[in-house]
Amino acid sequence: MAILVDSETRLLVQGLGRDGSFQASRTLAYGTNMVAAVHPGRNGQKFENNVPFFSQVADAVDQTGANTGIIFVPAPFAMDAIIEQVDAGLELVVCITEGVPVIDMVKVMAYIKDKPTRLIGSNCPGVLSPGYKAKVGIIPSNIVKPGNVGVVSRSGTLTYEAIAQLVQHGMGQSTCVGIGGDPVHGTTFTDVLELFEADKETEAIVLIGEIGGTREQLAADYIKKHINKPVVAAIAGQSAPAGKRMGHAGAIITGKAAMASEKIKTLAEAGVHIAESPALIGAKMKEVLG
Amino acid sequence: MAILVDSETRLLVQGLGRDGSFQASRTLAYGTNMVAAVHPGRNGQKFENNVPFFSQVADAVDQTGANTGIIFVPAPFAMDAIIEQVDAGLELVVCITEGVPVIDMVKVMAYIKDKPTRLIGSNCPGVLSPGYKAKVGIIPSNIVKPGNVGVVSRSGTLTYEAIAQLVQHGMGQSTCVGIGGDPVHGTTFTDVLELFEADKETEAIVLIGEIGGTREQLAADYIKKHINKPVVAAIAGQSAPAGKRMGHAGAIITGKAAMASEKIKTLAEAGVHIAESPALIGAKMKEVLG
Amino acid sequence: MNIHEYQAKEIFEKFGVPTPNSGVASTAEEAIEIADRIGGRVVVKAQVHAGGRGKAGGVKLVESSKQAGQLTEELIGTHLVTNQTGPTGVPIEKVMIAETLDIKDELYLSIVIDGDLGAPVVMASSEGGMDIEEVAATTPEKIFRVIADPLIGLSPYHARDLAIALEVPSESIRATTKLIIDLYKVFIENDCSLVEVNPLVVTKDNAIVALDAKINLEDDALFRHPELANLIDPNQLDPLEQRAYKSDLAYVKLSGGRVGCMVNGAGLAMATMDITKNAGADPANFLDIGGSANQERIEEAFKIIVDDTDVEIVLVNLFAGIARSDVVAAGIVAAAAETAAKMPLVVSMRGTNAKEGIEILTDSDLDITVVTDLAGAADVLQQKLLELERSN
Amino acid sequence: MNIHEYQAKEIFEKFGVPTPNSGVASTAEEAIEIADRIGGRVVVKAQVHAGGRGKAGGVKLVESSKQAGQLTEELIGTHLVTNQTGPTGVPIEKVMIAETLDIKDELYLSIVIDGDLGAPVVMASSEGGMDIEEVAATTPEKIFRVIADPLIGLSPYHARDLAIALEVPSESIRATTKLIIDLYKVFIENDCSLVEVNPLVVTKDNAIVALDAKINLEDDALFRHPELANLIDPNQLDPLEQRAYKSDLAYVKLSGGRVGCMVNGAGLAMATMDITKNAGADPANFLDIGGSANQERIEEAFKIIVDDTDVEIVLVNLFAGIARSDVVAAGIVAAAAETAAKMPLVVSMRGTNAKEGIEILTDSDLDITVVTDLAGAADVLQQKLLELERSN
């Protein structure tokens, strides 16, 4: 089964500028079922001689039955694209775009609260289920391997790191989910943990957190109450000094709870196996699964 | 039982300026269970030596168990007062205030959409259940009489007119509800019809509509499908010329559907008994109930 | 509240909406100066609060600044009678002198709040320059609408959807989208009840320009916009409407009727008009004294009603909740004493202090018939009107 | 993005927030002129992007305009070292000269977005003038917070609740409420990441005044505010940070370390710092090249890292998704050739074109140790650091 994306995925890509086109080509080459492309002024053309272009998301959904959307549009237009995809009724919307103003995400989250769409991102690497050749995002497909470990992470490149370590230790992935590094983001650790727990193809879970916010604590609480599968966690930023902004907005320590040591403590208390260093994620999971 | 207000009502009054105080005094004199008054700067005092004042609605609700709120604050502050009462968890909020900007009501309605509070108004005379001496609004209590006819109306003074005609013809009221004349208002005809249908003390319903909008058509549709009790309807504004604003914002004809003749036609088709003139509401109900 | 086209245009410009080059003139000299600046061939548009200006001769194309001056001189000081004004029309005190454009296509755009939906609605049509009600009736498929989210506002994609639906040239989609977003800002940030552009034009070189500018401001929200409240032009109102406006009374003049109606509450106002009509006569006006009028305002209200030369009989229908019947009665008696008009009054007075009010009226020397309810009022009114007709 | 106090104050004033009478000076003459206008007794405040100014001698009360001039002359051109700056401090190029007030009470107010709640939060405390983190730690009951609705905004009653909680004099509740509402507008309409007033004062005559003004602007939203983006003062940045800013690279200087870190991605950056620390050394800096850097930016990135005199060894940790490893490698080799610094490099390079990248590095004459994963990087780093220590 995997989670979020699989053989049922019918993907709509929005925003095919330079980077968007590059990523969309790789997504298509990997084998993802891409059914529609949306970019202003290209209605009637085809992306890679294959995927029809539309001017409007609703129109594209009507005509292709797309159920999943990915957004590559520039940050100033990302909020509008998310709302357009939500309004068009897509079940899953993945916003890759980096640099979306926080207040825009605040508004988006309030807007979609009672709507059926699930949003991942913004500023995330997206989702990839290796067993189904289903990639909705920018996770490099050459590093993944089908298997039974679910990966969920706030950080992009650290997701790749975790995947590589798993593969290095002989373990594949059910689904890899990058939930995004912005302080306000759609799908949270807890949401993904719930999906992994219910997924028959997932046997264990890697959770990669970082400093800032208290989402890892919420995840720990959820794990304690609802997750029976083994969870290995790593928290990046143990050496980060308080108050310094470490590259993206999510990674800023704003209080004691936001510190790596606090997060690690809470996760350990919830029965989570801690990878003491981000270099030891694969080894720890190998140890846990025996 | 009656609907909306009864012996369970614990009333909080907000906005005790000149008009608000006058109306609150009459409400209290009638016998309504008024438990709290909210007005800035009068915390610690008592209204009419009886009802404690508070500075904050949440505080008042905490300390008195108020479940119903009424708002008399001036129009510029009405939206804030409604949101404060909604946030404080009151079950029923009645906003009497006239002249609330339409866009404020648009926002309020969007805000309360998924919240448990029911809003009546703005710009309405409120609710009165004569059998329970429960008055939350400004309907003159000396014209009502306990009985089994439910009254619901968009117009204030026309509500009184209908009540007077019912009493004149020997019929009392279970509950009288003025839902307000503004184009955007909280509780609609349909909401009140549903309550009257479920109310054991209500045997028949008077519905007083007017030109503008299509709420009467929605009511007709609802009556056709869900209402088994007899309904007598009158529509004010049969002689109003198209496009003229007739005193309050709701009463403007903006299309064919908004015309009195269209509304009457649709209601008649739904099996509603039509009072041909606003002067014949009581007579028509007498005729219907036999 | 209505404002003039030139005032609306200034607001449009402040929000970045493209409009034609123009100026406002109240003399021939000013008109010539503006027309010279623009380049001679201009449109002269009477600035009045009424639609249907074009057909009524209030909008004309002239070929030179001299002609612009002549036409301005002809128009200023006259009254324009359109299908939306009364027979006396509305005074022309200013004209707008505007450049002409090479027009490829005329579109329509408006923004209102839909009360039933509880949201602002942006309406657009490819049939610009026409009466939109007519388009709605005959070719509804040519009207497109999008609903703005009440809290998020109009999403840019909605504006783009409209631009696409209007089939503007592909190179104009971006400008059209921006114009719609900017007009939405005009609507929201000024608390408008209507923003309308008819026509919105596509020029030969694919520019998108608001050739017309109409804004109605929401009266109830003017407290947030004192600078906009100052834009009111009372001269555009009927003299009686002006007096009512000054006394904060809701007065509406209706054409063809003989009965003046004084009431409290809009619903009762309409019901009163309905029974007047049922009685076989049309209302000449109605005046809503509202909830808490003092005696001075009641006096002025009564005078406004009877100063309407169409009025032959007055129907007072009061159901006092907050208002006090005795105050109303005293006001009527005082006002009637001061006016020459000695016309019959039919009075229904109920609610707060109704007994006292009726006593005051019956103790006066006015020609008063007191009734106790709406049905009674209708009967008496019918009878009185018959008497009036017999005596004529 | 940080802006100066005097710039934040101007924004406050534009939104109607009461502030002290003041002016900005960069010379003694200007300072004297402003102080004379204000009335002699003034506060002189160094305009720098750092907290802790008061304890560091950057805020002083003077009794005359002459003293204000003297102090200004002393401050301008120096560097202020506070507990929030590095040891070199930040340059003082301007001072604010502000009136003194008769202060009855000092309060604290700030607005931020709480990511976990997904909403703006207004925080207030009766303990003004202190470090708010300290208040939160020692007397959390003295901090009050309200959550604004993300779409409706801050409700006025919430602002009033805070005013009541702060126990301002009853006659000041209305002004405090308005000030909080206005500061919320400042926050939202300028896309701030922080608005802070510390202290917010109640004067002896019960006026509410923002004695301090701090605004951080959200970098990601600056595209909406070109006029605010212009407020940046690059001189307040460390020279290397200035260079990174110009090349749009995310560079952070850290104190006490020896390892320069070049990475892609914030998560990997932190992980890299963590393994650096695990290896027994502290990072001297980290530089995130982001997703799609070209060779020129890579060169500049590498130079920034090695131009940091604290750096003795460089750790490159790349997991290329969008970025190309060969481009990064070529950039490093080119930059290293141009710099005098011949220090050891530990390189982990994976993802897109990693093989080609590693070849380019190993073919160069740099002192490079290639590792294949994070664990390996940690081991080699530990070993290299030991070697460095032995050779010292």
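A, B, C and D are the chain letters, set down in written order, and residue numbers restart from 1 in every chain.
We adopt the following convention: a residue touches a chain if its C-beta (ideal position, glycine included) is under 8 Å from a C-beta of that chain, and two chains touch if they have at least 3 such contacts.
Predicted, not measured: the structure shown is a model, and the values here were computed from it.
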| item | value |
| --- | --- |
| Contact-graph distance - origin chain B, target chain C | 1 |
| Joint neighbours of chain B and chain A, given as chain labels | C, D |
| Chain of greatest Cα-centre distance to chain B | D |
| Between A-D and B-D, the pair with more C-beta contacts | A-D |
| Euclidean distance of C-alpha centroids - chain C vs chain D, Å | 55 |
| Geometric centre distance via CA averages, chain D-chain A, whole Å | 29 |
| Touching two or more other chains - residues of chain B | 107, 110-111 |
| Per-residue multi-chain contacts in chain C, two or more chains | 149, 151-152 |
| Touching residues on chain C, where the partner in the complex is chain A | 149, 151-152, 155-157, 160-161, 164, 170, 173 |
| Of chain D, residues touching chain C in the complex | 151-152 |
| Of all residues in chain B, those that touch chain D in their complex | 40-41, 55-58, 77, 80-81, 83-84, 87, 107, 110-111 |
| Chain B-facing residues of chain C, complex | 113, 115-116, 118-120, 133, 136, 149-151, 188, 191, 193, 218, 220-221, 223-224, 250, 252, 254, 263-271, 273-278, 282-283, 286, 288, 291-292, 319-322, 350-352, 373-375, 377-378 |
| Touching residues on chain A, where the partner in the complex is chain D | 19, 22-23, 75-76, 98-107, 109-111, 125, 138-140, 143, 153-161, 164-165, 168, 181-184, 208, 210-215, 218, 234, 236-241, 244-251, 255, 276-280, 283 |
